[in-house]
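Just so it is clear, A, B, C and D label the chains in written order, and each chain counts residues from 1 on its own.
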Amino acid sequence: MVTLFGLVLLTLLVVTAVAIVITPNLFVAVMLMSIFSLLMAATFFILDAADVALTEAAIGAGMSTILFLSALALLAEREQRSPGRKWLPIAVVALTTLTLIYATFDKPRLGDPSAPVHQHVAPWYLEQSPVLMEMSNVVTAVLAGFRAYDTLGEVLVILTAGLGVMLILANGRPERSRQGSAPVAGGLRHHLVPRVVGQLLIPFIVLFGLYLQFHGEFGPGGGFQAGAIIAVGIVLHSLLEGEAAGRAILPTRVLVGLMTGGALLFCAVGIAGMLLGGNFLDYAVLAVDPVAGQQLGIHLVEAGVGITVTSTLVAAFHAFADREPAA
Amino acid sequence: MYYAATAAILVTMALALTRALLGPTVYDRVLAVNMFGTKTVLLVSIVAFLSGRPDFLDLALAYALINFVGVLAVLAFFQKKRHYERPR
Amino acid sequence: MIVDVLSFVMLALGGFFVFMGGLGALRLPDLYTRMHAASLTDSLGTILTLGGIMLQSGWSLATVKLLTILFFLMLTGPTASYALANAALLSAHDPGAGTAPATET
Amino acid sequence: MKLFGLYNYWVFALLLMIGLYAVIAKRNLVKKLLGLSIFQSAVFLLYISMAKVEGGTAPIIQHAGEPQVFSNPLPHVLILTAIVVGISTIALGLAVVVRIREEYGTIEENEIQARDRDR
């Protein structure tokens, strides 16, 4: 029965995706993208991926919408109709779709326990993470423990992308933004009701993010999800109180420090393992008891991930929100 | 009865999506997005209960908190747009 | 037993109100009436649905979490509707526009 | 349910190609980025669908020792990180689009190319 609900959600997904591509208004497309993300998150949840659903909700419905909107405020909202010559892309896309669908007939059907994916390392992870690390959330154990090297790479990609956004948008027009800085800086100060409720929510959002950060070994949660949710909380403050106030609590220097600091904490944990006689990112040597060492290492690594993700997303938001549209 | 409630929520999701597609004003679409968020919270709560894993209610909580920020971001976007379009 | 019946009634009513809200948001003639339908039934449907699950799960951590969700939804839902209506009104979106079909019936 | 056993993969193929269409056929750069997001989400859907095990539950062990079926945690890990990487790369793309708008005054691909030719 729940699978049937999943089918309905998938059908709605396709409808939304088509609408996103068709609509000429970019603001509408971004709104539909937000719906698309919610549908996607619900689908992930039905497919048993609780952690992924949490990330998709925080990123897709929260951060992604906010970033697209703050970029769109600097751009033209309406897309120009591109004339003629549509048949070629449609033909290519239709042909590839048919080929892909034909290829799916060789795939094992959904949920087949004997599918090749489930035979290799996954059973070992499921078996060993409660033993080696005493962690009940296997996703966290794999993310920060067994495949930490992988995650380190991802964190560095996020860091690089965040620095890239800041550098690309760094050369603003200082003279002009000084002249006309005052008016938008107010945020939503004149919308009293949303402002009061929003301010009430900020501590709860940040607290919830911290809960996810530290509860990640028992339930859905971890550095990535927590980082995204805390970032949404901080961005909410900037939205309500204006850019200037948002920058005042977390200046760019601090943000850059946090971004790199999180990634460095991750690397430092790895190097500490090497200095103590293990391999890079080998947590077992961090404490006398190997299990305690594993847990300590995972907590530190997750903290590093959380710090980097939070500060990168906040910095990207500030980079867009601080700019004024070109004349 | 859970299934009936879930089915009602899914149908409502489809209706809200139709409203988001039809428009006609941008506010209709934002309204639809907001509705959609609430429905997702309800859907996740029911399915979490049905599958016997109440610890997944954390997800519903996350959705409830995040969705509101999205609406406020839209509001800030309108305000910024209005501000830059008026003087020029 | 009584709790079961009560929770089933609440779930059924919750589903009904949620559906009605969706129908209203689709069928009503202009923005403000649609907003009215959507936001009111959102609140009522949420209370009933989550209440129904709460009755089923008894006194446990799940109920506390559900109460928290309900609290935040009660806080954010009406605020979002208010903010939206306010924004629409500020942008000089005329409340009377497009009500013609409603007066016909 | 057996009939719909491949439905997830069909939706994956459709979404992938809808995203690809936006990237190759649309001239608006923001639209291309939205298409890229859809493309990305389609890949996420493929991975998560593969991870599902019939009658399984999310890979969070509740009571140790009790035999339970769990879905495959590995694709979850890969996609979890990919979502966050995805948003940071989309932000990077948006930053480039904003700079292009400032330099060229437009975000339509054909107009940008026309400007380049004139130079």
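Just so it is clear, contacts are C-beta pairs under 8 Å (C-beta built on N, C-alpha and C of every residue); 3 or more make two chains touch, one makes a residue touch a chain.
Keep in mind it's a predicted model, so treat the numbers as computed, not measured.
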Among all chain pairs, the one with the most C-beta contacts: A-D
Whole-Å gap between the CA centroids of chain A and chain D: 12
Where chain A and chain C are represented by their mean Cα positions, the distance between them in whole Å: 29
Length of the line joining the C-alpha centres of chain C and chain D, rounded to whole Å: 31
Chain C residues counted as touching two or more neighbouring chains: 72, 76, 79-80, 83
Multi-chain contact residues (two or more partners), chain A: 50, 72, 191, 194, 197-198, 201, 204, 219-220, 225
Per-residue overlap in chain B, given as positions that touch at least 2 other chains: 6-7, 13-14, 30, 32, 51, 53, 55-56, 58, 61, 65, 67-68, 72, 75
Touching pairs among all chains present in the structure: A-B, A-C, A-D, B-C, B-D
Of chain B, residues touching chain C in the complex: 1-2, 4-9, 11-16, 18-19, 25, 27-28, 30-32, 34-35, 38-39, 41-42, 45-46, 49, 54-55, 57-58, 60-61, 64-65, 67-68, 71-72, 75, 78, 82
Footprint of chain A on chain C - complex, ascending: 72, 75-76, 79-80, 82-83, 86
Of chain D, residues touching chain A in the complex: 1-2, 4-22, 24-28, 30-31, 34-35, 37-38, 41, 44-45, 48-62, 64, 69-77, 79-92, 94-99, 101-102, 105-108, 110
Footprint of chain D on chain A - complex, ascending: 3, 6-7, 10-11, 13-14, 17-18, 20-21, 26, 29-30, 33, 36-37, 40, 43-44, 47-52, 55-56, 59-60, 63-64, 67-68, 71-72, 74-76, 79-80, 82, 86, 89-90, 92-94, 96-97, 100-101, 104-105, 107, 109-113, 115, 117-118, 121-122, 125-126, 129-130, 136-139, 142-143, 147, 150-151, 154, 157-158, 161-162, 164-165, 168-169, 218-220, 222, 224-225, 227-228, 309, 312-313, 316, 319-320, 323, 326
Residue ranges of chain D in contact with chain B within the complex: 57-58, 60, 62
